[in-house]
C-alpha cells in the first residue's frame, strides 16, 4: 500500500486554481498544430473537451460507439445544471456550492477539485448561452432557476426536462464547428478496446470499427477518456444499453488506478421493474419529490391485497398510510438526499410493504399537491365556493404545467394515469461516483492518459448532488482539461508524430484480436445477456443499496465463478469482422465481470457507511440517529485507488488521504 | 461561417412551384368570375369575353405568362415528383401514408395529372378553336358567323347542353382540382415561408373554402348550361 | 401474446435484403417493443441463428438511436413516441407486425435494421453551430435578455433527437423538418442571428447534396416526429433561406 499524490497546488483554496492557471506551462499555437490528442467518448465531458482542444489548435481524434456524438448518454439527463451565479439573489456563492457538494458527497471528495468545479460553474452557463443553448427563461427574458436536491438555494439552470440533451447538443455543435474546420476527426461507431503505452506514456488506442469489425491503431500524444460511468454492471440501471466500463477498465489494466468503485448512486424516483424481461430502468426527475408524497400501506395485509390486485391505493384511508420519509425525517421529509430516500424505500419493501406485483415499489402521491394547488388557484381566481372536483381540476392544471412531460412518460410506460392514482416508484442504479483515479490535472496514473466526467472519481465523493453531473462533465471538458493537458503536452512539442508501426501497438492489437477471436469462436451455450443478468442479480442483491461483509465475500466468489463460466460457455453468434452487436456486448460484459469483483472488494474493504455506500454493520446503534449511516472519518477519510495486478480481487490498494482544511466534517443529519 | 451557394436549391424549387401555383389560383378566380357571368347575363359574359379575347395586354402579356405558368407548374411538378421518388430506391413493404397525411397532400401528382388530362380536353374544346378563329382565320370580330352578335355564350352553351359525358368529365375533373387545391392553397403559403400561429389557421380555412367553392362554381356552370338549354 | 413478425434482414450494405417471417410467443403486454425484439433475438441465438441487428441505446426516448418502421409508420402506431417507448400493449394477440429500417437513399442500411444516418451529422457540420470559442469569458449569460416566447420556441425546435423519423415517414424522404428545426433554434436566438443567413444557405446546400427528397408540405413528418417538432420550423427555414438568397 502506498500513498498517492493528488498534485494539489499549494495556497488558500480559493486561489489554488487561479495560481495554477497563471503558472501552468502552455504550448504555443504553432506547436499545438503538431500535437495529436485522442478523446474517447463524446458526452458532455468528452464532447466539450474535444471541441475546446480543437479550438486551441490541437489535432483531435474523437471516438464514440454511437452512430453520432450527439447520442452519448449525457443526453438523457433531465433536471438541470448547477452554477453559483446567484441570479436569484438568495445568498448563493462559489463557497456555498463548494460546501454543498463536499457535504453532499459525505466528505469523501477532494476539496481542491470541488472548489475548482464551483469556480468554473458560472463560466459554463455563460458559455452555453453563447452557444445557443435554450435555457428556460422568465417573462423578463432572464434565465430561470429551480431548486434541486435538498440544497437551500435556487441555482439549477434547466431546459424543460431535457437539460442534458440541450447541453450535449451545445457541445456537439461546438464539435461540429471543429469537424468542419478539420480540427476534429470524428470516428463514429468505433469502440476503444485498449490503450497503448509507449515508454510508460499513453500514446494511442486500439479501436474496433463497429461497422466493419476492423481493428484500427490510432496514435496521439495524449489520450483522454470521457467514457462515462459503469452503472450497467448492475445490468438494470438508468444508463443507456451501451454504457460500459470497457475503456476505463482497459486503462486500469494498463496501469491506471481505479478509485472508489463501490460508490454508486441509487436514484430513488425510477419507474419500477415490471417483469423479468426488463432491459433497463427509466428515471423520473427528482423534482417530482418537491410535490409528491411518498408512502406505503401501514398494514402488511393492505400491501398484500394491493400486490394481488384486490385493493387500489386510492381505497386506502389516510390513517392506514405510512408516509415513512415524513415519519423518519421530519425536517427534510420527502426531500432527503437520494441515498437516504432510496434506502428508506428498500427498507419498507424488504419488510413486505412494497406495492406492485414484484413487491418492489412505493407510492409517490400527488393527490395532496393537487388539492393544495387547486385551493390556491380557486382563491386567486376568486372562486370561493369551488366544489371539490373543481378544486381538483384547477390543481391538476398546475401539476400538469410543472410535471406534465414526466406524467406523460409515466403513463406511456406503465399505462396508469398518475393524475388519478399514485405513481409507483423504486430506486435504480443511476450514477457511479467512483471511477478512474486522477490527480488535480485530471491525469490518471498513466502519464498522458486523462479521465474526465463521470469516468473519473474526483468531485462527488460518496454521493452526488442532483444537477451536479452535468456541471462536472462540462467543467472538466470546457474549462479544466484544456488547461491542465497543456502542462503535460508542453514537454511533447519536439516528439513529432507517433508511429503506430511499433511493437507496442502490435502487441496491443494482437491482444485485442486474440480476445475477440476467443469470443466468436467459443461456441458456448449461453447468450451474453444470460451472464449479464446473472451478474446484475449478484450486484443488486449483494453490492446494492445495503451491503454486508458476508454478502460481499459471497459476491466476490460468485462473480469470479461466473466469469470463469462466461469464458467457457458464452456463445457469440456471428463473426469478428462485421457489424456484430452480440460481440460488442460480450466484450463489455467480460469487463463488467472483472469490475464487479473489484467493486465488491472495495465495498468490503471500506468498513464504514458513507453516501451511496451503506454497510449494514456500520450504522448508528442508538440515539436520535439510530439506524442511520455511520461514517468513520478517522480510518476512512481516504480515496481507495486500486492497482491492477492480474485478478481483480487481488488488486493492490493505494490510498489518497483526503485533507479537509476548509470544511468541518459533520454527520449529515436530515432529521 | 463562409457561405456555400448553389444554383437552385430544394427550397428554390418548391418556391417556384408555389409562385406558379399562386398565379394559377388567381387565374382560376378570374376565369370563374367571368364564367359565372354566363349564368347571370349572357350579354355581359359576351362583352367581357370579347374584351379578354382581344385586349392586347391580356393576349400578349398575361396569356403567355399563363401558358408559361401552366406548362412550368406541370413540368416542374412531374420533374420534382420523379426526383422525390428517386430519394428512396428500396420501398417499404408496408407504408401507411394515411396515418399521418391527407390523401390530397400525398397524391398531388394524381390530382395534378387528372387536371392536366382535363386541360387537354378543355383546350381541345375551347382554346384551340379560339386560337384557330382568331389567329389562323384572322377573325378578330368575335361575332357568330353570319350574325351580328357575339359567339362566346352560344359556343359555351353548345358544349354542355345535351352533353352528359362532357359534363360528367368536367365534374370529375373539378373534384380532382378541388383535391389539388385543398392541399395546394395552404401548401403554397408554407413554401414561401409563411406560417404564423394566428394567420395560418385562417389561411387553412380560406384555402379549404377556395378549394371547394371554386370547383363548385365551375361545376355549377357546367350543370346549369346542361340543364337550362335542353335540346 | 403470440405474434407473427415480418422483419427486414440484410447482411451488409452491398447485399439485397428481404422480409423474413418469425413466430414469437410469450410476449407480455408490459414489454417495450425493443424488449420484444430482445426476446426474438434470444430465441434466434438459442436456435443458432443470427440475431436481428438494430440501433438502440438510451431506451428512454431521448438519444434518437432507435429507428424502426413498424407496420408502415416510423416508430410504430403511437404518436409522439420513439420505438423504445412503444409498448406491446399497443398490439393484439395474433397480430402481424412489419418491422423495417427507416428507408431513404440518404440513410443506407448497414445491417438488418441498422442504418447510416451520418448525413444528418454532415448537415450539422455545415452550419449547425454558433461560432464561439470556449474562453470562459464570453459575456454574462444574463447580459442579453431573450423574450420568453422566443426562448420557448427555440427550445421546442431544439428538442429534435435526430432520429430520422421525419425522413423515414416522408413520402419524398425529405429532411426539411430536421434541418428546419436546427435553423429555427438558432434563428430565434440573438446569438444565432449573426450567422443566420450563412447557416441557412450552408445547411440547405448540404442537405441537398445528401440526396434527400424535396418537401411537399404533406405534414407527415410533424405527425410522426416523436418530439412533435412543428412544421412552422420548415416555414421559418424557407424564410431564412429566401432572405439569405435575396439579400446577399
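Some points to look at:
Letters A, B and C mark the chains in the order given here, with residues in each chain numbered from 1 onward.
Definition applied: a residue touches a chain if its C-beta (ideal position, glycine included) is under 8 Å from a C-beta of that chain, and two chains touch if they have at least 3 such contacts.
Since the structure is predicted, the reported quantities are computational estimates derived from the model, not experimental observations.
C-beta contact counts were set side by side for B-C and A-C; A-C has more.
In terms of Cα centroid distance from the overall Cα mean, chain C ranks first. Taking each chain's centre as the mean of its C-alpha atoms, subunit A lies 62 Å from subunit B. Inter-chain centre distance (subunit B to subunit C, centres taken as mean C-alpha positions): 37 Å. Measuring from the averaged C-alpha position of subunit A to that of subunit C gives a distance of 26 Å. Residue positions 126, 131 of subunit C are each in touch with at least two other chains. Of all residues in subunit A, those touching subunit C in their complex are 48, 51-52, 55, 66-71, 73, 75-76, 85, 87, 120, 123, 125-132, 134-143, 159-160, 162, 165-166, 169, 172-174, 176-177, 179-180, 186, 188, 211, 238, 240-242, 274-275, 277-280, 282-283, 409, 412-413, 415, 478-479, 482, 527, 529, 571, 573-574, 578-579, 581-582.
Contact residues of subunit C toward subunit A in the complex are 11-12, 28, 30-32, 34-35, 38-39, 42, 44-46, 48-51, 53, 55-65, 78, 81, 85, 87, 89, 110-111, 114, 116-118, 120-121, 124-126, 128-142, 145-148, 151-152, 154-155, 158-159, 161-162, 185-186, 189, 191-192. Residues 6, 8, 17, 19, 69, 71-73, 77, 98, 100, 103-106, 109, 126-127, 131, 169, 171-174, 176, 195, 197-199, 201-202, 204-208, 211-220, 223-224, 231-232, 234-242, 244-245, 248 of subunit C are the ones touching subunit B in the complex.
For subunit B in complex with subunit C, the residues that touch the partner chain are 1-6, 9-15, 80, 83-97, 99-102, 105-106, 108, 183, 186-187, 190-195, 197, 200.
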